[in-house]
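Okay, so here's the structure we're looking at.
All chains are identified by letter, namely A, B, C and D, in their written order; residue positions are counted from 1 within each chain.
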Amino acid sequence: MTPFLRVVGVGMRFGGLQALADVTFDVEKGSVVGLIGPNGSGKTTLMNVVSGVYKPTSGSVQFAGRTIADVPTYNVCKLGIARTFQIVKPFVNLSVRENVAVGAMYGREGSHRSTRASFERAQELLEVVGLARVADRQAADLTIPDRKRLEVAKALALDPEVLLLDEVMAGLNATEVDEALQLLRDVNARGVTLIVVEHLMKAIMSISTTVVVLAEGKKIAQGQPREVVASPAVVEAYLGSRFAKRQGQLEEMRRQAEEAGAASHGESA
Amino acid sequence: MPAASTGTLLRKVGFGGITGNRTVFFIMCGVLVAMLGIPALHNGYYENLFRGILMFSTLSMGWNIIGGYTGYVSFGNVVYFGIGAYTSAALWQHFHQLNLLLAIVVGAIIAALMALILGIPILRLKGPYFGIATLGTALATQEIISNIDWLGGGSGFPVHQIDNFSLYYYAMWGVCAVSLAATYAIGRSKFGYALVAIRENEEAAAILGVDPTRTKVQAWMISAMMAASAGAVFAAANGFIDPPTAFASDTNIFPIVMAILGGAGTAAGPLVGAFVLTAINETLWGHFPQIHTLFFGAVIVLVVLFLPRGVLWLLNVRGGWRGLVNSLGAYRV
Amino acid sequence: MEFNLALQDLVNGILAGGIFAVVALGFSLVWGIMNIINLAHGAYIMLGAYLAYTLFTFWHVDPFVSIPLAFIVLFILGYFIQRYIINFVVRAPILTTFLLTFGLSLLIINIALVVFHGDVKGITTSYTGTNFAVGPVTISWTKLWTLVAALLITGCMQMFLTRTKTGRAIRATSMDIGAAQLSGVNVAHLYAIVYGLGAGLAGAAGVLVSLSYSLQPSMGDPFIIKGFVVCVLGGLGSVQGALIGGILYGILESFGSQWIGTGLQDATALVVLLLVLVVRPRGIIGKAVA
Amino acid sequence: MHVGRGLSYILLAVFVAGVAAVPRLAVGADENTIVFGAALAATGSYAREGALTKEGYDFWSDYVNVHGGIAVGGRKYRVEIRYADDESNPQTAAKLVEKFIDQDHVNFILAPYGSADTFAAAAVVERKKIPMVEGNGASERIFNQGNKYTFGVLSPGRKYLQGVLDMAVHLKPRPQTIAVVSANDLFSIEAAQGALDFSAAHGLKVVYTARYPADTSDVSSVVSAIKAAKPDIIVNGGRLQEALLMQRSLKEQGVNALIFAHSVGPDTPDFRQTLGKDAEYVYGGTQWASNAKYRGAPGFITDSKVYASEFTKRYGHVPSYQNAESSATCLAFQYAIERAGSLDPLKVRDALAALDVVTFFGLLKFDERGINIYKPMVVNQIQHGESVTVWPLGSQVRPPMYPTPPWGSR
């Protein structure tokens, strides 16, 4: 069975800058892929490529039997891919409900949904993301966390199969992060595949089924969150080589100490 | 130095949908219906004056679709007004057809085609470049038509007038009513929200599934049809059409000032603007025959400085007078 | 014979290009740096022309001498109009400033109509119309000196922008208004200077126009759209762009009128504008501006 | 209800009242005054010519009122002219004429300046069945619409340049070739067409013809084409601005010819003042000249020299033909009203149609379409800074200074 969404050898060059180089990974249906990496590693660029905003200079993204690069930006959501923006892009002069309603009108099921039905759908989603209280306020008057919630609600209004979340938890306090994580779990539970870009390790660890790590535009690791985080390549990418070497020595010493301890007690603890 | 997006200027006023303040909308519908009684006065001057208001309201509503709702400030809608006028004149001159309805329909279709052909390349431009490209189209079209002998060349040609002159008034009323209804319908429809989404943030709108190019071209075609239908009736009512009359710069600029004065991006804004501006112009002209245009320039300056978001915006200015005053400095450096 | 005619048109175009360059330079400064489409630019051109006419008729001041005078008078007028009127909406969207300058233009033109009346005036100096022949081509002295004056004006402007402190502050503000403010630039004052320069250049261009063309209150309006076309051809905010664009436009209009159709003089230039805009929305040489 | 809402309702109420109370000029036309409505340009591109027309109208009304007014059925009526600015815009002209008739209940209409504005006004008076006389719209098209209520005292546009060519073919050495150029507007095209028709009929070879945009700011490429064609006669159809621009460009490119002629310009004082010595030798067709030798009927100034001197005393400048044709426009009404013996619009219209009277301006007689094709036009030449009638021989004051010397040797 062909995988749900495939990123095949994607490269992105802006003039001299090679933002992405030969990134390849598959995404299982219903999974949650955590996309991590230090600043400037190409995470947001990859999101733009997957969501069809950028056309990759090499390789392609395959989804629902189509190459995303061939699909015009405005039809990508009709295939089932929705996304939020790292720099939020609300319709400033429209009310919060209207912002979400536009997604409901032009998303995947938008064509056979009347204006009234779109507004009702928008109201539902506002309750889901906890913005019902400000439904009639102008989007311009929202706080940063609320604007992020609005981005999620607008993306959900497109009835997506795959939801790309670009640092929706940046700038949230602890309780807000937990609420956001719970929201994402609910959305995922309803069968929506998620690709999450975050810097908060705690969030990524708890929600991702698999993790992909980027550094300087290259994929340096993929797998279960626990293994990936421990691998020296990832540590080196985040904290630099010296630290990785020392951490490797520490790891080595700890393992030798355990072997020595086990030998002296003669039986496994 | 990125200027604030047109959206911030065209802040939605009032509640419920993007049609603008509902009470003012129904008041204006009432005023429009009341205007049906004008011909009964048998005063040619009033009929001419109010037919002018209806014409400019239609043009202003036409501009409002592309400039107010979609945020693409066009300075070339007079092209479609001219096309409508010349269709009506050509139908009479070459086919001896005087059926006004036919002239309106044919004029609207030709204008819509022209908007389609012009729209695809020009609507890719942004801000001042789009504005001047449309202004350039208006000037070029006027000069090209004045060199086409089949269309009367530089000297233009007459349009035969029927005796029951009030017919032109009712025709213009009909065109205006249809435009108002269309604007209100658009304001409540998905298409309307697609326009407003493009005005607010075109890239985000595309992400949400709105096809920018197709939607913008459709908006400009509707805009063109409204302008052309007004032009078709004007040509017959005026009795004579030549390039300067059909493509006058007043017909190009006044509808924009009216939309802004009334409150662009709303349904009733253009109508309110047309009334207020005509009232100002008539009273100025009545009392200062020689220098009324001078005062008119001053009025435009004052309106833009103190009422950038239109009369309807006053309905919802928050914080009373203080809100009004400190919002004036919003764009200072 | 066709070749001689083409040569004459080329010369006509270049000679006319001088005026377009100065007109475009003022227009380009205000647009490039303040993102304002200045529809009152035509009115300032008219004021410059009438100033030259008044000085010439009553005090017999030769128009070329009144170029700096017109520049200074219009600079002061421009400075105050920007500082106390346009500054209110200088950061407003393009629509607001477009309408504001349209209202200002209407105001100024009609004041001039009241003061100078509508009759057509003109300046006829001793050397008006004198010309000399170079082979098949006839060149008018007035137009030649107009071109020389235009080159001088653009030269001075270029030096001002690159050499002087204020000039550099202006260019800095155009790149990033926030950064400029942080580094101590009083932007309101600076914008007033920029708008003043734009109006001053329009005044100077007005004097050049009054040498070859007749004067009446709405004489400035055709030059606005031409100023814009030259800005697009030559690119925004650059002095060389205005000069090259101006000469290019002059040639374009001259050839367009001769070989495509005398009645299609303006239409040809506008069609070229549309083509350039659609192909390269930022002008041929210009740098991209927000 | 916060201030915004209250304010806006007040505003809505104000503007509705404003529009409703649109200025109704108090029209207490007491019984023995004849009121004329005149929509004239005070602003816009015809502002200057509109002012000249107003001078012509006022000069006539003051003269008539001083001399006891117009006799209608045994009673003397004063005359009053009501003005409004039509912004040199045909739509405004039409609106104002409707206002004069329906709102101010004027008796008759005096036409605006310019062919397009007159055309729009003609359509209105036709509907309202109120006679209008015009003296400043020379386009014959106005009279090809079967209008019954519009009369033009002036000769039609095509005759403006024909007089010059009629003179040319009678001069020695007889010019052979001609270049005909014109601005691209109603009047100028007709003037140029008149010249082309005349040339074809009288063996003048047209070596170059072109139309340039009206209100253009540059004609240098047209002039270089004329220079290349080397014509004997250069004829330019256009208004005052176009005449100035063309004459200046012709000198700038050193274009020489035996005859330089413009349809409008030479007889207007501004042309001579602006061009100074460059205006010398230029010919122009003109409806009237102050040295014309007509003997007018009683009731108004009979001799054009007296008209010229009285006018100059009053306005401080020699009357141009626009002033004279405007006064003649009112004269037509004066004689028609006296002959009709009533103010009834239909009777006055019929009197106008049958009018046949010589005035200081020349013969006032209208053909069945309403235009005065019977009045000959005179050809003036600027000689030593003065506009002098040189053709036809009957009204010649001084012979033409022909041929025009090259620019270099003036």
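Definition applied: a residue touches a chain if its C-beta (ideal position, glycine included) is under 8 Å from a C-beta of that chain, and two chains touch if they have at least 3 such contacts.
Given the structure is predicted, the values throughout are model-derived calculations rather than measurements.
A.B. asks: More contacting C-beta pairs: C-D or A-B?
C.D. replies: Here the pair linked by more C-beta pairs in contact is C-D.
A.B. asks: Please compute the C-alpha centroid of subunit A, do the same for subunit D, then give the distance between them in whole Å.
C.D. replies: 78
A.B. asks: Let me have the rounded angstrom distance from the C-alpha centre of subunit A over to the C-alpha centre of subunit C, please.
C.D. replies: Centre separation, subunit A to subunit C: 53 Å.
A.B. asks: From the C-alpha centre of subunit A to that of subunit B, how far is it in Å?
C.D. replies: Distance between chain centres, rounded to whole Å: 46 Å.
A.B. asks: For subunit C and subunit D, let me know how many angstrom lie between their CA-based centres, rounded off.
C.D. replies: 35
A.B. asks: Taking each residue of subunit D in turn, which ones touch at least two of the other chains?
C.D. replies: In subunit D, 43, 184, 211, 213 touch at least two other chains.
A.B. asks: Indicate the residues of subunit C shared as contacts by at least two other chains.
C.D. replies: If we look for residues of subunit C contacting two or more partner chains, we find 110, 113, 263, 265-266.
A.B. asks: Subunit B: which residues touch two or more other chains?
C.D. replies: Where subunit B meets two or more other chains at a single residue, that happens at 5, 8, 143, 146-147, 154, 290, 293.
A.B. asks: Give the pairs of chains that touch; include all such pairs.
C.D. replies: A-B, B-C, B-D, C-D
A.B. asks: Enumerate the contact residues on subunit B facing subunit D in the complex.
C.D. replies: 24, 27, 31, 42-49, 52, 143, 146-147, 153-156, 158, 161, 163, 165, 238-240, 242, 244-245, 248, 250, 272, 275-276, 278-280, 282-283, 285-287, 289-290, 292-293, 311-312, 314-318, 320-321, 324
A.B. asks: Okay, in this complex, where on subunit B does subunit A touch?
C.D. replies: Touching subunit A from subunit B are residues 5, 7-8, 10-12, 15, 18, 188-190, 193-194, 196-197, 200-201, 203-212.
A.B. asks: Provide the residue numbers of subunit D that touch subunit C in the complex, in ascending order.
C.D. replies: Those residues of subunit D that touch subunit C are 43, 45, 47-48, 50-51, 181, 184, 210-213, 215-218, 220-222, 224-225, 227-228, 240-241, 244-245, 248, 251-254, 270, 274-276, 278, 407.
A.B. asks: Which bits of subunit B are touching subunit C when the two form their complex?
C.D. replies: 1-6, 8-9, 67, 73, 75, 121-122, 124-129, 131-133, 135-137, 139-140, 143-144, 146-147, 154, 253, 256-257, 260, 290-291, 293-294, 296-301, 303-305, 308, 328-333
A.B. asks: Under the definition above, what is the set of subunit C residues touching subunit B in their complex?
C.D. replies: Counting only subunit C, the residues touching subunit B are 31, 33-35, 37, 85, 87-96, 98-100, 102-111, 113-114, 173-174, 176-177, 187-188, 191, 225, 228-229, 232, 261, 263-267, 270-271, 273-274, 277-278, 281, 290.
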